[in-house]
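Chain nomenclature is as follows: A, B, C, D, E and F, assigned in order of appearance, with residue numbering initiated at 1 for each chain independently.
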Amino acid sequence: MSCLKLGIPKGSLQVATLELFARAGWKITLSSRSYVPTIDDPEIECLMVRAQEMARYVETGALDAGITGHDWVVETGAAVDELSELVYAKQRLARVRWVLAVPEDSAMRDVRDLEGKTIATEVVQITEKYLARHAVKARVEFSWGATEVKVPQLADAIVEVTETGSSLRANRLRIVDTVLESATVFIMNRVAAAEPWKREKAENLILMLQGAIAAASKVGLLLNVHRDDLAAVLGVLPALKKPTISALSDPDWVAVNTIIEEAVVRQILPKLKAAKAQGIVEYPLNKIVL
Amino acid sequence: MSCLKLGIPKGSLQVATLELFARAGWKITLSSRSYVPTIDDPEIECLMVRAQEMARYVETGALDAGITGHDWVVETGAAVDELSELVYAKQRLARVRWVLAVPEDSAMRDVRDLEGKTIATEVVQITEKYLARHAVKARVEFSWGATEVKVPQLADAIVEVTETGSSLRANRLRIVDTVLESATVFIMNRVAAAEPWKREKAENLILMLQGAIAAASKVGLLLNVHRDDLAAVLGVLPALKKPTISALSDPDWVAVNTIIEEAVVRQILPKLKAAKAQGIVEYPLNKIVL
Amino acid sequence: MSCLKLGIPKGSLQVATLELFARAGWKITLSSRSYVPTIDDPEIECLMVRAQEMARYVETGALDAGITGHDWVVETGAAVDELSELVYAKQRLARVRWVLAVPEDSAMRDVRDLEGKTIATEVVQITEKYLARHAVKARVEFSWGATEVKVPQLADAIVEVTETGSSLRANRLRIVDTVLESATVFIMNRVAAAEPWKREKAENLILMLQGAIAAASKVGLLLNVHRDDLAAVLGVLPALKKPTISALSDPDWVAVNTIIEEAVVRQILPKLKAAKAQGIVEYPLNKIVL
Amino acid sequence: MSCLKLGIPKGSLQVATLELFARAGWKITLSSRSYVPTIDDPEIECLMVRAQEMARYVETGALDAGITGHDWVVETGAAVDELSELVYAKQRLARVRWVLAVPEDSAMRDVRDLEGKTIATEVVQITEKYLARHAVKARVEFSWGATEVKVPQLADAIVEVTETGSSLRANRLRIVDTVLESATVFIMNRVAAAEPWKREKAENLILMLQGAIAAASKVGLLLNVHRDDLAAVLGVLPALKKPTISALSDPDWVAVNTIIEEAVVRQILPKLKAAKAQGIVEYPLNKIVL
Amino acid sequence: MSCLKLGIPKGSLQVATLELFARAGWKITLSSRSYVPTIDDPEIECLMVRAQEMARYVETGALDAGITGHDWVVETGAAVDELSELVYAKQRLARVRWVLAVPEDSAMRDVRDLEGKTIATEVVQITEKYLARHAVKARVEFSWGATEVKVPQLADAIVEVTETGSSLRANRLRIVDTVLESATVFIMNRVAAAEPWKREKAENLILMLQGAIAAASKVGLLLNVHRDDLAAVLGVLPALKKPTISALSDPDWVAVNTIIEEAVVRQILPKLKAAKAQGIVEYPLNKIVL
Amino acid sequence: MSCLKLGIPKGSLQVATLELFARAGWKITLSSRSYVPTIDDPEIECLMVRAQEMARYVETGALDAGITGHDWVVETGAAVDELSELVYAKQRLARVRWVLAVPEDSAMRDVRDLEGKTIATEVVQITEKYLARHAVKARVEFSWGATEVKVPQLADAIVEVTETGSSLRANRLRIVDTVLESATVFIMNRVAAAEPWKREKAENLILMLQGAIAAASKVGLLLNVHRDDLAAVLGVLPALKKPTISALSDPDWVAVNTIIEEAVVRQILPKLKAAKAQGIVEYPLNKIVL
C-alpha cells in the first residue's frame, strides 16, 4: 500500500496539531513508550519531529511531508514546497511574528541603533539577513531558549517569536520592529509532491485540516422569519456566504440557516431580533467546506 | 470610545461566570500577574470584585454594572438597579437559598425557638431583619466562613447559603426555615443605567447571557415524519414553542426541527418513536433567542 | 412509586458508563461520602457494584438490572437475561477479547502446547471450559490482577482481557488464541423482566443508551446542491440511511441533511466537493434513533 | 553469584514497603515499563506480587522469600516459614484486624446472630473457620473489594480488614468481633530457609528492616547535666535502655545521650527541664540496633 | 479526665501550625468528613477556627486557649491572656507587619496625605485607631480579601499584612508606614489560665512548640580538635551557648558538640577549618530546650 | 559591597542544583514573575542560564562564575577555569557519559563503521573532534533534542548523554563507545579568579557545596563498646577516617562515633553486632568537612 511519511511538530505546536488532526478526522495517539505515534489511517506514517528540524528532513526525503512554521523553512533555507498555510498556533488561530525587542527603558528605537550590539536569537540566519537588509552590523548569538530574559544582562536585544506580545510585556520588553511574519505551513518534499498519489493524499488532508480550522471560529445560525421581514433579516447577516433559505409548511414563513464567525454573533443577534427573526438558535460546527 | 466598567464576581461564582461569558461570546482572560482580566471587547473594562462588595462599588459608580447575588444587594442595602436575573450558580443553573439551620438533633423547630440564642452568619443584616420580622431577639455574630461547622460548639444556629442542601446534610444540620431566596443578578449603577449607550450595551450583554443560559439546558431535535403521522408526532412534543416544519423533496414527508429541554428528551424520544417519527437526531446548541 | 434497582459497574468501566448515562440523559453523581450514587430519576435506584459480581446480584434479585460484561455472565454462570449489547468499553466503542497469551519468545503456538502447564487468569471457569473443549489438561490459577506480568516467572501462560492488544505487546506477550469475545451487556433479573413496568423502564433506558452510543461515532452533514448535481452527490453518500432532502426558496437548489460515520467523513468530503456540493457543514450529534 | 528471589507486596502495602526498604538501605526502583523492579543489591532479585498471592508463590519456590500479611498466609494455608513480624502497615506502624462488622443499627450483637445470614469477605477460608469455631452456619461470599459498602443491600454482615476503624465508622458499620489479628510478616520458602547463604541473607535483611522500623518511632536525646543532678535526671528517663553517659572536659558535668520513643518526649522534656538538665537536644535517627 | 479546648487557626496559618505541632510531638489529623480534627492526646480537644475569630471565642470561654495573630487580638479587642509569642508565620519563622500602602506612582508619602481618602482593609479597628493617633480623617472600608488589588480603582490606599513585601511589590504598591507589627501568639481564656491543670498543660505545650521552633533554624555541629587548637576553635564559635566539650580516648584531643544557627554555618565552617578543627559534621535537630 | 555574579544552570540540572545549594546553606528562590532568582546572600547575584551557554557567558565576564557540565566547557571551547568538580547530576551523585549509540540490531560495532554515515547530536564540536581522532569521516548534524528517537529513520547513529543508560535501553539503542566523560563543574572567569575577594568567596562556596555533596551519601554511626571488644569493632569499620572514641562514665566502656557511606551500612551493621557493639544508632547528616 502507498504511504505518506508525515512529520508532526513536536513541542510547542504539538498539542494544537494533534487536536486539529482529531477535529479533521485523524486520531494520532502518542505512546508513552515510543516517539513514533500511531495514526488511524494505514496510508499515513507519522513521526514526531521538532518544528526546527522538519524542513531539513522533508528536503532530504526522510519525510514526504510535514507541518512546521514558515519561519523554520526560511531559517534552514530548505528547498521544499509550501502547499498551504494552516493558520493556527500554540494559543490561537493566528499568525506569529518574530520581532526585534529591547528592554522597555532602552534608548534603542530603530534597527540602526543596533550597530555593534549583541543580539540573542534562535533564528540566526533570519536575523543576519534582516540586519544585512538594513546594512547594520551586529553580533548575532544563538540562544538555546528563554531568550526574552537575556536582556540586558547577556544581550542588548533579542529577536524572538510572539503570538500576543504578552510574554514580551511580562518581561518588560519593547518591540522595535517585525523581522518576519510566519504561520504554520504544510510542506512537501519536491519529489513526493510530483507523485500523483502522494500529492492527492496531501491535498485531501489539507482540505480536511482547512475544514476543521474554518469551523473552529464559526457557528451555525438557524432562524425563522416571516417572508415580509426576510429582506430586513438578510440585510443584517454578513455577506460572507449566501444563507440557505428553506420553505416551511406554513407558506408565509421561511427558515434561514447560515454560517457566521462566532465573534460577530454578539453584534448580529440583537439586530436579528430587532428585525423580527424568531426562534434564533446558534449551534456548533465540526467542519466547513464552503 | 465609550466603555462599560463591569464587575465580575471573584470567588465561588467566578468559574461559572467566566464560562457563561465564553458561551455568550466574550472571552475573559485572567492573568496570573494581575487581577484585572482582559476581555475581547474594547467597549467593556472588567474588574474582579468579590460578590459581597459588588453592589457597594456599583452604587458609588466605581463600576457601571456588575454581576452578583441578589442576597448581597439586600445585605448591603445598596441603591442599584437589578436589570435581570441570570439563573445560574456555582454548581447548577438554579437559585440558592439562605436558610436557618440547626444541628439535626437540636430541639429547635421554629424561628421562635431562637429567642436568646446565638446565630452565626455571613449575612448579619438579612438575619437581623428576618428576626425582627418574627419579633425574635437573638445575638447575630458575623462569621468569616465555614459557618456550618460552628454549631453546636460556637453558635446555636446558623444562617447559611445552600444550593442543594448536601453540605448542610453532610454536617448533620437540619433546615428550620428559608430566610431569603436569591439568584445571580445583573445590577447597574443608576446614573449609568440612564445613559443610552451604556444601557443598550448592558441590555445586549444580558440578551446574549440569557441566550447562553437558555441553551445550556436545551437541545435541538430533528426528525422526519410522514404527513399522516404529523399530528400524532406534534402531540408528543412539548408546547413550549411551535416547531419548525419544513417541506422535503418527497411531498409526503416533512422535517420537524424543534428545541426542547434536555431533561425531557428521555421521556419524549420513546413516544416519538412510537408515533412513527423517523431519523430522530438530537444535536447540541450554543445559544437560543426565541 | 415503582423503582428499578440498577447496578452500575464500579472500576474499569465506571467512567465510561457514567459518561454514557450522561449523554443518554441521566446524571449519576458519585458522592465522596457514600458508594450509593444519586441519579436524577426518581424511578431508578443505583448501586455501584463490581462488574465481576453484577450478574450474581442480578440473579438473586438484589438488583433488578445491571450493566456488566458478557464475560462475567458466562464466568459466574448466573441465570439472567441479556437484554441488549451496549458496545462500548473502557477506551473505545468496541468489543473486548479474552485471549490466551504467552511470552513473545515462547515455543507455545497452540492451545495443545499448554498440556501440563500453569495458566494464570481472572476467569477460571471460562478458562477451564475452554481447555475442556480442546481436551487439554492444565493447572488454572486464579489471579488477583496484573496477570500479564506473571509470565514467565509465576505462570506459563495467561488468559487475559484486551481491547487493543497494546498492553500485551508492551509486556512482550504473544496472543495464541481467542478464548471469548465479550461486550458490555444490559442484564436483567428474570422475575423483574417479566414485570411490565420494569421491563418498559429498562427498554426505554436501553433505547436512550443505544441512541447515545450511536451518536458518539456519527456526525451530521448538511450541504446544498443544485438539482442537476443531486444524483451525483447522493451517489457519494453511504447508503446507511436515506438523506433528508429539503426544498430551498430557490427552486433549482435543495438542501441535503444526512447522518454518517465520522470515520468516513475524511473520505466522503473530497468526493462531495468534486460532485459540486456546496456549503458543506459537519455538525456534532448527541443522540440518534433511526 | 547466589541470589535471593524476594517478593515485594504490590498494592496497599507497596508504598510503605518501598519506603521501609529505602530506610533500611535498599533502593528499589519501579520502572514504568516493567513490573520487575530493580534493587541496588546484586544478591537480591525482586518481583512485585500481590500480598494475597505471595504465600502461594513462596510455598512453591517461585520465590525464596516474600513480605505479606500473616492473614494471607492463614487464608491460603500455605506451608511457609514466618521468620519475623515487621510491624508496619499502610498507614501506621501497627497491626491490623479482620473484624466481623454489621450496620450500626443492626440487631446483630454476636457471632451467633449470623446463623443463616450472608457474609461478604475477601477472606473466605478464615471466615469459614471462624464460623466453624463458633458452630455458626452462614453463607460466606467472596467479595472482590469495596466490601464495606455491601451491607445491608448485598450482604448482612462483612469480615473486613481495618487499621484504625475509621473507614468502618465512615460507612456506619459496627464491629461485632475480631476474627483475626494480623501483621506484616517476612516469610520464607522452607527449602530456601534451610540453605545457609539464603538464610543468612534473609536474617541480615530482617535485621536492617527491624532497625529501620525501630528508628521510625524513636529519637535521640542529648543533654548536659551537673553530676549533682544526674540521679534525678536519670530517674526521669524511661528504663528502656541504659543511657550513654560521657565525661565532659569540665569534670563536674556529664553528657547524657539516650534513645526514647518520640511519643513520650512531650511528657519527658518538661520533667527533664525541671530536673535541671541543660542544653536538651532532640535529633532524628535512621536506624537502631540495640 | 481534664481537657484543654484548643483552637487551631484555619486558613493561611493552618499548614504551618499543623507542621509545628507535628514537630513538637502532637499529630493533628484533619478528617475530610469533619472540621473537628483529631489529636493524639486525650487531654486536648481541638477545633479549627479562623484566626480572625479565635480571640472572640477564647474570650467567651468557648475555647480554653488558641493560636492566632496578635493583630486579631488587637482588632477584636478581646480580653484574653497572651501567654507566649510563637514566632512563625505562613512562609517563614518571622513576624508580619500590617502596612499602609499606596500605588507605586502615588503622590502620597505620609499618613497625613490620606486626609479625606478611602482606605480598604481587613482590620478596620486597627486602622481607625492608627488614623486617630495621627489625627487623620479618612473613610475606612472593610475589605473581604484581595485588598492589594483594590487600589487605585476601588480605594486610594490599603492597610494590608505582609511577610516579605513581595506581594505588595508584585502589585506595584509602595509601603508608606507600618501600622502594626504582629506575631503568632498563644492566647488563653483568663478563667482557664487561672486553673492550675489547664495552665500547666498550656505551659508544657508552649515549651514543646518553642523547642520545635528553636530547632527549625538551628543545627548541631560536631568536631574534633587538638587541645592546642581548642581556644582558637572556640573563638570562632558564636557565644550563644557554651559548647559541650568531651574527652576522647586520645587525651590530646577533645570532641566539641554545639548548636548554632543554620544561617551562619556557611560563615563559620571555613573559619573552623582554618582553625584546624577536624571531622566537622553538621547534623539536623528536632527540638531544642536550652 | 563586593558581589559575585553566579550562573545557575537552568533546565535538567536546575532542581538538583537548587537542592544542593539549599543543603549547602544558600536558599535560592525562583520567582514566577522573573528569571532572576533571589538568593539569601547579599554578596551573590544569581542568574539562571542554560548549561550549554554558561561557559560562553563566564568567558566574556557577563558572569564571574557558574555551574555547568565539563562537556559544555569542551563543546564551546570557552577559556574559563574549572575550579572544582561537583559530582552530582540530574538523578544521581555521579558522572555522566556522552556515548556513541546505534540501534540494538545495527551492524555497526566500532567507530570506524560510521564512515560516510549521519550522526545526530547536541555536541557537534565534541563529536567532530572524536571522529577526527579516529580518522573517520561522517556527517554530524545538530539535533535540537530527543536525539535518541532519531535513529534509524533520521540518522544512522547518535552521540547522546546518559547517566544510567536506561533511556538508551528503553529506545533499544546499543552503546558503541564512550566519547566523553563529564561531571558538573564550578567554572570561573579568569579575571575574576585572580581577584582575591571573588576567589575566596568562590572557594568558600565550593567548600560548602562539597560538604553537602559528601553528606548526602553518608551517615553517622554511634555505638557503645566494651574496651575488651574495641579492637574487634574497629576492625569492622571502614578505614576511611579514624572514628571518634570517647570515654563514658563507666570506665570499661567507650562510645564510638564515626561517619560511613550509607551504602555500606547494610553490610557493616550485622558485623558490628557480631563484634558485640551495643546501642548502635545511625543518624542523618547535613554536611561533612573532614
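To be clear about the criterion, a residue touches a chain if its C-beta (ideal position, glycine included) is under 8 Å from a C-beta of that chain, and two chains touch if they have at least 3 such contacts.
Nothing here was measured: the structure is a model prediction, and the numbers come from that model.
Student: Show me the overlap between the contact partners of chain B and those of chain D.
Tutor: The shared contacts of chain B and chain D, listed by label, come to C, E.
Student: Going by C-alpha centroids, which chain is farthest from chain E? Tell me that one.
Tutor: The chain farthest from chain E, judged by C-alpha centres, is C.
Student: Compare the CA centroid of chain B with every other chain's and tell me the farthest one.
Tutor: Between chain B and the rest, the longest centre separation is with F.
Student: Using mean CA coordinates as chain centres, what's the gap between chain B and chain F in Å?
Tutor: That gives a centre separation of 58 Å.
Student: Calculate how many whole Å lie between the centre of chain B and the centre of chain C, each centre taken as the average of the chain's C-alpha atoms.
Tutor: Here the centre of chain C sits 37 Å away from the centre of chain B.
Student: Which positions in chain C are in touch with at least two other chains?
Tutor: Within chain C, the residues that touch at least two other chains are 33, 170, 246-247, 283-284.
Student: Looking at which chains touch which, would you call it a line, ring, star, complete or other?
Tutor: other
Student: According to the definition of touch, which chains form touching pairs?
Tutor: Pairwise, the chains that meet the contact rule are A-B, A-C, A-F, B-C, B-E, C-D, D-E, D-F, E-F.
Student: Could you list, by residue number, the parts of chain E that touch chain D in their complex?
Tutor: Those residues of chain E that touch chain D are 24-26, 31, 33, 40-41, 203-204, 207-208, 211, 215, 220, 241, 244-247, 254, 257, 259, 283-290.
Student: Residues of chain B touching chain C in their complex?
Tutor: Within the complex, chain B touches chain C at residues 166, 170, 219, 222, 224, 246-250, 255, 262-263, 265-266, 269-270, 272-273, 278-284.
Student: Using the touch definition from the top, list the residues of chain D that touch chain C in their complex.
Tutor: Answer in residue numbers: 10, 33-36, 47-50, 52-53, 57, 62, 143-146, 149, 153-154, 170.
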